[in-house]
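Dropping the structures in below, format is structure tokens.
In the two complexes that follow, chain A is the common piece, with chain B as its partner first and chain C second.
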Partner chain A sequence: MDFQAIADHLSVANAPGLLSVELPRSPDKETKDKGRSGLPYLCVDPSRIVEFLTFCRDDEALGFEVLVDLTASDPSSDDENLWVLIQLLSVRHRQRLAIKCLLPKAAPSMPSSTKVYRAAQWHERECMEMYGVTFEDHPDPRNMLLPDDWVGYPMRKDYEFPKEYHGISCE
Partner chain B sequence: MGILEEAFEENVLTTRVDWLLNWAKLNSIWPMTFGLACCAIEMMAVGAAHHDIDRFGAGAFRATPRQADLMIVAGTVNFKMGERVKRLYDQMPSPKYVIAMGACATGGGPYFKYGYTVMKGVDRIIPVDVYIAGCPPRPEALLEGLMTLQDKLRRTPVIRKPARLQPADLA
Partner chain C sequence: MTSPTQDQHKPSIRPADESRTLSSGEREFFMDVATSDLEVNMGPQHPATHGVMRVLLRTDGELVTGAQPHLGYLHRCAEKIGENVEWLQYLPYTDRYDYLSAMNNNLSYSLAVEALMPELEIPRRGTMIRMICAELNRIASHLVAFGTYGLDIGAFTPFFYAFREREWIQALFEKICGARLTYSYIRIGGVFNDTPPGWLQEVADFCDVFEEKWQEYYDLLIENHIFVQRTANVGVISEEMAYDFGLTGPMLRGSGVDFDLRRDMPYMEYGQAHDDGAYGVPLGTGEKGTVGDCWDRTQVRMVEMKECLGIVRWCLEQIEPGPVIGDVPKVIKVPPGEAYVGIENPRGELGHYLHSDGGKVATRCRVRAPSFVNLAVLEDLMPGTLLADSVAIIGSTDIVIGETDR
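What follows is the complex of A and B.
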């Protein structure tokens, strides 16, 4: 199935948590729409992401058995939201799906996807330390790459570089 | 060798103890296997047949700090690794030497401005004898660095105590 067919299938099946279908569009001067390039994706309610992913994995026609990527993004310092981006792959049906969840920067929190895809574990740990996204019920919420006592979330737009670490100057 | 020359019968050689010990020492500098990033690839090339660091007696890469004389810090040192670098250095038996290979180990290199976890030079935690420029340095540059270290050893007396040395001795 192509993206449109997948989106239609999910809409017809009334998949839990599906908010909107976002397609790339060209700029329009009359409506002052700046347009959007890139992949088509689905916007999903972050609080229902576990149910949504379970549906995508277990549905016969979709069969997304592989979690390719789970990452986050801080698009702009003006934006109030962080993005959590998920890429799924079905080897059987040769199809892919991009999912986006919007989380408020003030308290970014969503359920962990590890119960559906165990591959999500390390990806979520990296999101936690780099963007400060909290994944509830994560089985092992330690830092992935950074030292355990690291302060701040380096990939956030408002991140301030440390002046020193354990007495070693960073200047 | 001075007044003792030809004072003995044939097949007896005379020399200075300092010279002999230094000769033995500087032709058997065993480095520690210690690659952190892309510089390690060049270090491996130096160990291989074409450049052949064994010509200088430094080809016996040891997998433990307790058998090594020389630590070649080949690559980017971040804070998390820096703790391990310090510990490995402390485990090496004296006399011990350090070569900071490449831009990262020398001063942070390309990560100087935005590398929030990168230590801006390994000399902030351990003393460095020789710095090698390059990103990564050519294998010849590492050999040059090794020969520079050998020159330093050659100028360092073993028997006389360093406290009695005059500055002119080290020039």
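What follows is the complex of A and C.
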């Protein structure tokens, strides 16, 4: 199935948590819309992500058995939301699906997808330390790449680089 | 002695009736010393981890009861750098995640940027040179995988043969771009420059020589009795487990899953090459033991090298004179948008998620590294194996630490 067919299938089946379908669009000079290039994706309610992913995995026509990637993004320091981006892959149907969840920066929290896909575990640990996203019920919420005593979330746009680390000057 | 499988949490020496549990006296008698849990740090400096990684092993005598990989010793903030340098300036950083397959890294990043620039056309000669370089680099990368895996297990000789062939490929790359390891040759829009005179003929010569050598190496290591005994039935990854952990590349195909991004979600001209019968996709069959064991994964990598030769030869037939790079401005401005593009790297799917707000710099540059994902399986794979097999299992995942940590 192509992306449109997948999106139609999900909306007909009334998939839990599906909010909107975002397609690329060409720039429009009259409305001063800069357009959007790249690939289409779905917006999903973060609080229902576990149900949504379970549906995508277990539905026969979708069959997304692999979670390829889970990551977060901070679009800009003015933006109120963080994005959590999930890429799914179906090996038997040779198709992909991109999912986006918006989380408020004030309290970025969503359920952990580890129960649906074990692959999410390490990706979520990385999101936690880099963006400060909290994944509820995560089985092992330690830091992945950073030292255990690291302060701040380095991938946030408003992150300030530390002036020293354990008495060693970084300037 | 048969190799232990996953579910056999047993000491190696036991009385004849295995169903009986041991009394404390018997336990001391049958096992020469009483053992208890011991935590061993394997790494950060350990030859079998192929870089700086630490695996915290919990052992009971010779038996591994738990394994916890600790990463981050080689973390160089590649994703953060991606948000601070211009699109083209980031290309040399891609060389440095998986330094054994830098051409493929360049390619993945370039294809992701090109997905955001639909108006950019890539000339056919550029695509062909990209494919030749990517496949030669895949051979070089698998040669290291196969050579060092032999080394891990105790076979010294294949390593030297593998590096001799790899040296030849590096010399070919040096002729085309001047670098031996970090190429930055595949650029956004095509490749940096055209091939030097006679280079394509040298590639053809390499293919002919390598094909003969390949059979030798296969017989030397893969069919070697000791090697088979050390790897067959060890570290078995089932199909369900492979899906659950999101494994890709040879790790997935070793478990018997027939999936290769080049064939099944074709990019560039891999689809056409497959239709012309240029290459096949080798799978783990459980020939020497169980489907998805260490032997299967190594064999898949080995056969893949031979299939790469088919793609290189197909490209050499198809290649025609012409430009090698599209109309790319000096300072690249990418239209606003976001895209995820994943390609088949030697170690699995290397994906880039790029987000542009229309400027000279990316807003988000995410690297989905195959080694990082493939390594996660260790936590489940190691418990219940013997300590000596832990090296065989880590080696068979074929990780590059530069990529797990980025």
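Quick notes
Simple rule for what comes next: the second predicted complex is superposed on the first by the 171 of 171 C-alpha atoms of A that agree within 3 Å, B and C clash if a C-alpha of one lies under 4 Å from a C-alpha of the other, contacts with A are read in each partner's own complex, and residues count from 1 in each chain.
Just so we're on the same page, a residue touches a chain if its C-beta (ideal position, glycine included) is under 8 Å from a C-beta of that chain, and two chains touch if they have at least 3 such contacts.
Quantities reported herein were computed from a predicted structural model and do not represent experimental measurements.
If you put the two complexes together on chain A, you find that chain B and chain C both fit without a clash.
When the two structures are aligned on the shared chain, A:43 is found in touch with neither chain B nor chain C.
Contacts of A:162 after superposition on the shared chain: chain B is touched, whereas chain C is not.
In the superposed pair of complexes, A:147 makes contact with chain B and with chain C alike. Of the two partner chains placed by superposition, A:21 touches none, neither chain B nor chain C. Of the two partner chains, chain C is the only one touched by A:119; chain B is not. In the superposed model, more residues of chain A are touched by C than by the other of chain B and chain C. In the superposition on chain A, contact of A:1 is made with neither chain B nor chain C. In the superposition on chain A, A:170 makes contact with chain B only, while chain C stays out of contact range.
With chain A used for the fit, chain A forms the apex of an angle whose arms reach the C-alpha centres of chain B and chain C; rounded to a multiple of 10, it measures 40°.
Between chain B and chain C in the chain A overlay, the least Cα distance found is 5 Å.
Judged by the document's definition of touching, chain A residues 145-147, 154 lie at the interface with chain B and also at the interface with chain C. By the touch criterion stated above, chain A contacts chain C in their complex at residues 24, 27, 34-39, 41, 65-69, 71, 73-76, 85, 87, 91, 94, 96, 98, 117-119, 121-122, 130, 143-147, 154-155. Chain B makes touch with chain A in their complex at residues 79-80, 82, 116-117, 119-120, 124-125.
Residue ranges of chain C in contact with chain A, taken from their complex: 71-72, 75, 77, 79-80, 115-118, 243-246, 248, 252, 257, 259, 264-265, 334-340, 342, 349, 351, 353-355, 357-358, 363-364, 366, 368, 372-373, 376, 380, 405.
Across the complex, chain A meets chain B through its residues 145-147, 154, 159, 161-162, 165-166, 168-171.
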